[in-house]
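Presented sequentially are two complexes of subunit A, the first with subunit B as partner and the second with subunit C.
Coming up: the complex of A and B.
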């Protein structure tokens, strides 16, 4: 019975992804006739602007939305399992703040020195910042065994990074502040097939890494002592989990800027749908669900005020927060 | 639908600007302005729509700035502030020689009106100025850095007895700063020259600076020089006009373009081209649109001009390709018709006429340009 439900949920989520992918490809600020969109998808009409819009703007962006949404959702899931905390998300460990700090440094001090590589430099800086923040958390995890304290450490690192960013911004030119502000709002605009290739490789490797940790995750959910008793190397497990979740969140931040709420909202939604607590069931469902959620949010961000675009974080928070509140209330009622 | 949205946006902007600037100058009841006497005339303005200076037989003058509904009483050197002057009226007392120029675009007005010696404070450090005279003044200490618009150095301004603060519309983002300046009794004028829809109107704000600093003749002379340059451009007939788009790619990957009534769009028209964006929002200022909306129109534009004022200059066509790969498919790219505005243009407001002339030369294929460069 439960297997049937899980299978049904997988099918529904996959169908949602396919439907939303199709919607994202066919609808946008430029009216592309349905027949032209289909022709473009099958590789015809290559000389038209419709082909470029469908195949070089919308399609890579939609694929990016699926993979980045999946990655963020998994990062949230991993951290919620790790900290036994329902509101743990990729940004609680200071990952986003670290990325924001290094991107701020780039915009304020180095953008004029590396203008030709500004786009690539932004991605590299965001990665660097995210991993620096993660490195500090890992260093702390060697000294601190208590999960709650480690979570506090992550939050503190986030505060330190934000404070340094504010300090840097104090001396920045208005144009640099505007650039940083635009970046921090998050957007999937401008994703290319090459970006998709790079981010897909990283996120898929990390996702399979997380899937491989399903068993220890399952044991860990029963308590740290139980996990130890069944042979889980807790220290190594913690390091692996922090690296994987940071890698996932850092990749998203590098390519799309900080995108809020997906990491918190989607795992809750998926748990509510599947009624399962098994990581082996939840991990694929979270990935597909995150992809569908991001596709939906990006569609709204592009279409609702077209040709102006809303920031993706505005939409993810708008849709995500009420859903999580609803699920938590329902769960409380049942309990 | 689009028009409704624009109306709503304009209404919101108007409400915000008005509510913020009530802290600067509340609407003054004309009955309370009897001390002004009879109107003797207005300072002649040809193109600017957003300000006017009315003179009275009492010797006083009233400056009115539209958009923000600011009214300022200008008191001449030989007069006192009238005893029955309403408290809500902003008062500026001549002579003004300790001015804090927060609006970077306004510094060029002072330079060209030969009134830079009246400026004692600036909102940019020496290295951030493109205007040589301002750079030099910061270097030799005749102008001091007094903080940016959001963080002015109140103590320095009070200690050195700053007698006028010239802001631009950025101050509306930090109403608390405006309130604090008001509490400290600093006279504040908010210039909104960038909201003028005519480039010549934008430059004509130099007449206000000339009036405030008693350099009216110099200001008029500088304006006339630019006006003549613009009017000397002979544009092609409508059918033969090339289409051009001014744009930049934001750090979020979207495209920043100018709204259809913006002064930069008018600059293109004065230079002999047509705006290549037909589906863009009405109004002045800039807006960001999606890449596909931009691409849909940019693909057929004859010229593409990268605006470096916010996103910074582009050093090569390869850098632009990295930011926006589809640029390769545009007509302008294929014909080698892509240029970049030099970073100094947004500060050099009084060179707008020269810039328009440069644009007209660009449309004629001139290889050497002063304010732009080919990518």
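Coming up: the complex of A and C.
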């Protein structure tokens, strides 16, 4: 019974990803016919303009959306497990904003860096920022047992980081921050194959790391003491979880800017669909579901006011924030 | 050599010693209960023996090995724990909670073998909770949860079971059943039990040995008969208004 359900959910999610992938490739300011899209993917029409649009712009962007969406929703899943809180996520806890701050500082103060060096520096900076913000959240969580309060702390940390970012940006030279301005709002535009390669390697490694933790994750759901009593090395487990969730959130932020609510909405929807609490079932489903969700949001962001592009965060918030409200109401009902 | 040996152990939190200089030992098949007034250090001692907090000095030996230097998995195969903290487990079914007891035995991804499942069902049958298997853990009563957690501890197949006030949420029927199961299994399997109990009448019936704790130290270690004599219970708990009648195990107002 349950196995069939899980399998069919996986198939549905994968179909959604494939469908949305073609939708993203074909629809836009220039319409690409489906047949041309297929031709481009197999490399049969290299001399047409369709080929360039598909292979250099839309396809890499869509692949990026899938992997980044998967990474984000896993970051959310990891944080929710860590804090035993269904509405924890990298954006609400200020981790994305922490990464945003350090990357903004890099953009402004090291604007003249060689592009190739800046590339690596951007990822490292994002990771440092995510880690710092996570550190603050952890410090707060030691003092505060109340989950709602912890989220408020996270949101405040996010605001502080955003305020400092705005401050720095205000005093920067206009030329240095052209890219930055788009980026701080969250956007997938301009993702290249090189970007895709780098972010896929990091996110996939982190995702498999999380999958390898699925056994202790399931024990940890019962609470720390019980997890310890059945043989979980709590210290190592928590450190791993912090590193993985920071790494995921940081990588996404480095490439797409802070993207909100994916990390909360997707794991929640996936839990509802699979009716499972088993991390080994949920982790791959969250990844695929996150990919589909981000493809959909990016599609809306690109198409709805075309040729003007919305920031992806606008769209993810529009779909994701109601899910948070729904979770809160459901929990109140049950309690 | 006994299964569990506690040697001159002092424990507490940060710089505050809560209970000091505890020494006693427990054999397989033996039930040892800790009794004493609120705040005397029973739970602190239990948390220390189960390595949830570190000891400040002294030794806790399980099968001759220091519990604090054992590998997590190895320790979990020897020692199961039931706390007053009822756990979280949101969204998990009762069977999934019980199956957590198999954690130290399963492989890298925690998949249950047929044998693991059998052990879980058997543990649930023993605790009379088989019909709860597919219910959600957060949606059953406190008493049912306590029995699910006991089933989980049984599924862990430990040599030593540590229980902190295991009967506090149970009604009188399940209190008796709980302790009967425990007593029977402890003798049959056999495993050792260290439990803190507030119900003195039950402690008298179920224990092989009682450790009486008062003001952060062990006041007396003896058989139930020796502990429940000569007005000792009144003295241990500092009862001044009323009286604990040791012959009938009744509280007299």
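Throughout what follows, the second predicted complex is superposed on the first by the 252 of 335 C-alpha atoms of A that agree within 3 Å, B and C clash if a C-alpha of one lies under 4 Å from a C-alpha of the other, contacts with A are read in each partner's own complex, and residues count from 1 in each chain.
Throughout what follows, a contact is a pair of C-beta atoms (placed from the backbone, for glycine too) under 8 Å apart; a residue touches a chain by one contact, two chains touch by 3 or more.
Worth saying up front: this structure is predicted, and the values here are computed from it rather than measured.
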item: Touching partner for A:277 - first (subunit B), second (subunit C), both, neither; value: second
item: Partner chain(s) touched by A:293 [first = subunit B, second = subunit C, both, neither]; value: neither
item: Contacts of A:261 with subunit B and subunit C, given as first, second, both or neither; value: neither
item: First, second, both or neither for A:59, with subunit B first and subunit C second; value: neither
item: Contacts of A:230 with subunit B and subunit C, given as first, second, both or neither; value: second
item: Which of subunit B and subunit C A:131 touches, first, second, both or neither; value: neither
item: Broader residue contact with subunit A after superposition on the shared chain, subunit B or subunit C; value: B
item: Which of subunit B and subunit C A:83 touches, first, second, both or neither; value: neither
item: Residues of subunit C that touch subunit A when the two form their complex; value: 50-52, 72-73, 75-77, 79-81, 83, 85, 87-92, 96-97, 100-101, 103-104, 106, 108-111, 138, 156
item: Residues of subunit A defined as touching subunit C within the complex; value: 84, 86, 212, 214-215, 218-219, 221-223, 225-226, 228-233, 271, 277-278, 280, 334
item: Contact footprint of subunit A on subunit B as seen in their complex; value: 5, 128, 148, 151, 170, 249-254, 279-281, 287-293, 295-296, 299, 309-316, 318-319, 322-326, 329
item: Subunit B contact footprint on subunit A (complex, rising order); value: 28-30, 49, 52-53, 56-58, 107, 111-112, 115-120, 122, 170, 173-175, 178-180, 182-183, 185-192, 257, 302, 305-309, 311
